[in-house]
């Protein structure tokens, strides 16, 4: 499956070098013993001993269409032979075609004409979206959600909820106002969905009731915060699916208060939840859509935004408004164009719904068997397992970490032989497994995943 | 040389789509008729009619080692077959090896141990460097140079001189203090190099003389601005080479005033000027080095920073201090590692010096023949032609644009047949051709470039 | 009572001049026909026809001890004869004595040693308090309350809730996070006091629960917002008295989260509510107390702060940390010292409680008679009448304005002859009469006030 | 002359109290032994032993018209008997008359109609001026001068040059760009007035030459910094008089670049230099004038701004745009109105010029006799003595402090018997005596001042 190792250096030597020359400032060293991998294929990663690891997280949903998806890989190779490099001030075909396709998907989904601006890295696309909003409104204060994540540039950190990401870096003069996300399993208002009548939306409405509530100048009819950044399903926050009416009701308030909705689809776009854009589930039309990750199936950092014409027309966002050297790099656009064509040929709306339902049913069974699972939920193939103490509510970070590390240690007994399991931890309390399997995952592989999870919840709990 | 066209759509159709679906907010539409290209090789781009264009700018110095450099292309293809995708919280070999090599080059050049943090896009690496400085000092006001360019994220825009890049986007609360760059051809102080005795440095020194000069608290011995961002040779500003003692003298002041030097090598690193790092020409040791572009020879947006240990040690910059999904993406690290190995096998220090000297000699001849060339200069293969009126000082933007567009229109008569010429315009007055040819450029190709420039300066001047 | 008019210019002429030469940017022109006054005495103002106006607002509680209080006036006259002017870098006796007395009152009330820093104008004292907090924490983000008011300098506007006060003035980089104030008559959470169990405090607590709630770095145990500014009874917000346990419970959270409490007593200090400091009612000890207004009984803009020693000791707040030319102007300190001595000789704790109870009882009767009074409440002689529609909840701004203007128009029939009534309007909906009568008001004058209010609520309602 | 002491507490006891209860954060403790005073009259202060001190600084120019100027004192007493207190939302005669007079003086001097907005404390008036500029431009970045001083609120500190005033207080997001002031004795460019041809102005012009100089968007024709704050004669900076053409030439640039000129007359207004407004000497018309200090002859912190109609009309600066409780307090307006009438009855334009010339002639003699005086200069009765080492250029802060303290110690031998001398120290190097004597100072008193200075320069130098 995986090719033979090409490395001549031992893992020990590499670890010594890594320890000496690599910054530990990224997320590698969240793990006490970071894992080396050397191969990948389909739903599996392979370590330096060629041991397979079932990956239920697929690079934070960047590889939605399977590792080494041949169609997309081949397109990149073709571009390497054709036009691997080109300055972004010149045009090439794949850029135009990918932009057209993305604009069409937005027009279809949201009923608005608009344009696409590429960049590299999700955070830089977020920055471009902030530029659009600032340009349109002259203001730079935005709302976002508690639990939300939009990137780690200084600008993106201002609308990303965790104060930990800002604390080291001095003053942030556009720090967002963060609204509680409708996280019904742990309702921030202590309500329950059956009787709350969207109390959380009422609380948003209240903010604008009088000028003394601090957000609205009633005389001038102007808001102080001019955009709301939202992940349609909260990602790093723990794959939290909002109740069905939430965004529709909030959007009504935003419209009344002249606040733009920016839809961050970086992690949830490209059929992760069974729609091209996850916001489509909720029936609202954002003014700006931000995307990245799976657009190239992880083969290039290409990212981008779509915005409605009134924000991004050449008149409002003229030449020179933004730029980056690699913004439409041809290897990226080739990968994106191949990915978009690939998507078009699948029937992901149906297939993801089916696979997601199958997986969620399995997770519900798992929950019944393990009292340390407080909640399972999901939309399409964005699924969550909340690890708790036996009261099924108190977060159990210790057990979460133990399962994560055991999965990564590999050598788990399975019906397919020794195996590892790649998970990722999210959630406000760092106790949620956020599952983002390949959209090409098979039923067998889902069964294998459930088998491994069952084993881990059992064996790790026993250790406790 | 270039492969046959693969496209089935006419350029007209593509232009219509581009006009409708692509944001014009990037730099494409600086040109009234943006150019489509479909192939590249060595020092040449090929348009959709397969007409060759000699490229003297090489994607703003991102493709230092030639289009389709086979060694590096092959490394990317191998990674596509081996490990094209891997979440950045896991480790892989090329990341470690590339980091080691870069850290060694910094240690060799600057005499300091340190570490490397990868990211994608130059601006995001700049943002990481800003995080390091803010983390170390608790402050967020920086100095930078008039004419300097460090990127277009909101954060990078604060230290990039042009107000045009900020104007649309409201308030910037960390707007840098911009020092005049030692642009001796147009000395900001009206001095001449033979008699100025580094008056410009004296003016920097003066800023800290008393607390009333606004930059220094003499009682606390603390500066208000805590870092100076510098391109060792100013890039977008017009490939301006500072006088030899400038940085050494300024660095002395910075050290006395506890101000960190951040060396932005994004455009000038990787032997553009004949040294691995251009700052090596000037004999000073920065605390942070920022790099990107040519590190992958344009095959991946991988960028990064190196910082001295006291700033970036795990203690000072612990896990989670920064992050981006694609920060050490394996296709990027494979391209970088191949590029770094490629560099090691060439003798660029000698070869770039020689080729640069040859090219500059030719430019000096060109200047003699054309009174509309006010200045030519260069360091290694970073060369400049300043286009002026016949007084050899008044900027001539009209002629500059005309030559640029004529080169891009192609069909120039040349000893090699009909040919185009790819240039880029920089400079404070947008009247400088900033030449960044392939480091693999041959003498014949240099001669061809000079021939085409000669033709253009003649023919376009006549039109005037 | 009032002296004879000294003016030789007619009111018409003065109005013309005012219309031409005076900025309308202050609050004078909130009224369509601003009122001229020319005399004052005890609880009464006199217009240019010598008609008396019972003043139930006493210059927003700046003249607590009666207009032309002879003792304090005489002290100012004595200072005019002794030392009317002295640069604040020199010392004079009254400054020291007033500081001592204020520090003693804080030590008595809050059990902490500390020091006093004078300034002029409440907002400048607020700015000094912000300096103390920023100096102690290195951070500049603060919390404050919706409905709160702390002044109109740019800095004070950042912690004053109304966006209307910021909208015209561009970006504010330290805009506060505003918490809902416990305004139980209109509970922001739709709760009722009998069953809420301080739900509002629970909501404050929740903000710090995880780093994803955006306010707390759990690893570093550091808050992002480092102080809470609070008026103990909300003033401009509508003389809202919080429930008795509110501040005690919130303070517990603040202590756990390392957030300083700043007590803004500018309007409520100096026995307005029957205690020297209104915060004394609530049993919590702030780190900083800000005061002004009634400290000189309205005879000088002198203001100031007291802070606990750990914040304001010479070591932490050394010479030169702040300054203003008039910060301890001798006419101001003389007025303050006389006022503080005056207070000492009265028995305001008992007298204000009694007068307040008597007045509030009258207001409750008034409410029974007028269905347009939704709520009356008070603490000491800070009293409120909330004007509503007959449902006793919907704000009735029209009627409020009509009563206000009718009172100011004068010529109201009363048992003492034709009379005016001076009221002030506050509240989130601008429908609250915030009553701040002289602490020297007699029962007869309270009866007169109630009589006039009764007449106005009747006559103005009829007009509707 | 001075009245008998009224105090019953010894100075020792007062010092103990001061040490314990007073913040040392103001400027009192710049002096190791702060001086107590208890009386004042004309040009003299009196200490607690009734020893006279000739005051050559008059409370930083707040008491231009002599201590206890009877006319003005009597006006305040009359207001104490008539209308000592009145909420600023109501009108009274003196406010209107003072506003009219000030607006007339601005119209006369600057040829523009406009309006006056009062406030208290110079810094709050500066804040009001910042509001006007921010309101008119939507921007909040301003230019100001190195050496400039505009107050100590957080906002005013952003345009006040000394970093020492900001360092303790975290991030300032509108930190000004500070231009070098034309301080010809110590030219920031090392030029001399006879040959410089206003090189300093050329340097200002250069800032806007291209967008890369960082201040100007040439496409949009918009500046990034929208106002220049200037003291016409730099006050705290050391009573520096700019060359005659400076402001006229700079104003031309400001007009071209759409930058407003704000004239800070807080210390130099009201005939300190022999004109009502000091900017009148320089023939330019500011858009905003800020004033305070001497407007009430030090009897009340009343301050204010005048602005041209296009900035401050009711349409542009409508009701509620600013406010402070004491903004037009009747004791302040009575003092101001009396002061303005007093001024009208004097012939200060002639008298100040004459007295200033006489004093300056004496200082020039003094300079001849003392090699430790590097420079003397003045405009009207704003005079400077720069204390240096015998090279007449190296600042001599030690000697400056020694003379200051010896003057304050009193008991200096003089032709009028034992005497003290009150000076103030300014200047970038804290080596300048900034002389601001009473405008009512007699020739005899000037002679006495010169005599005392002569004695001090002699005796203190000998100690060295």
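For clarity, chains are labelled A, B, C and D in written order, and residue numbers in each chain start from 1.
Throughout what follows, a contact is a pair of C-beta atoms (placed from the backbone, for glycine too) under 8 Å apart; a residue touches a chain by one contact, two chains touch by 3 or more.
Since this is a predicted model, take the numbers as computed values, not measurements.
Path length between subunit A and subunit D in the chain contact graph, taken as the least number of steps between touching chains: 1. In terms of C-beta pairs in contact, A-B outnumbers the other of A-C and A-B. In this structure subunit C contacts its sequence twin subunit D using mostly the same residue numbers, the overlap exceeding half. In this assembly, the C-alpha centroid of subunit A lies 49 Å from the C-alpha centroid of subunit C. Our note on geometry: subunit A versus subunit B, Cα centroid distance of 32 Å, whole angstroms.
Annotation for subunit D: residues 138-140, 164, 170-171, 173-174 touch two or more other chains. Chain contact topology: the protein chains form a complete graph, every chain touching every other one. Residues 3, 6-7, 9, 14, 17-18, 20-31, 34-40, 45, 57, 59-60, 62-63, 67-68, 73, 76-78, 80-93, 95-97, 99-100, 102-104, 115-117, 119-124, 127-128, 130-131, 134-135, 138-140, 151-155, 164-165, 168-171, 173-174, 292-293, 297-301, 307, 312, 314, 317-329, 331-332, 424 of subunit B are the ones that touch subunit A when the two sit in their complex.
If you check the complex, the residues on subunit D that touch subunit A are 138, 170-171, 173. Contact residues of subunit C toward subunit A in the complex are 139-141, 146-147, 161-164, 166-167, 171, 173-178, 188-190, 202-203, 206, 209-220, 222-224, 237, 428-429.
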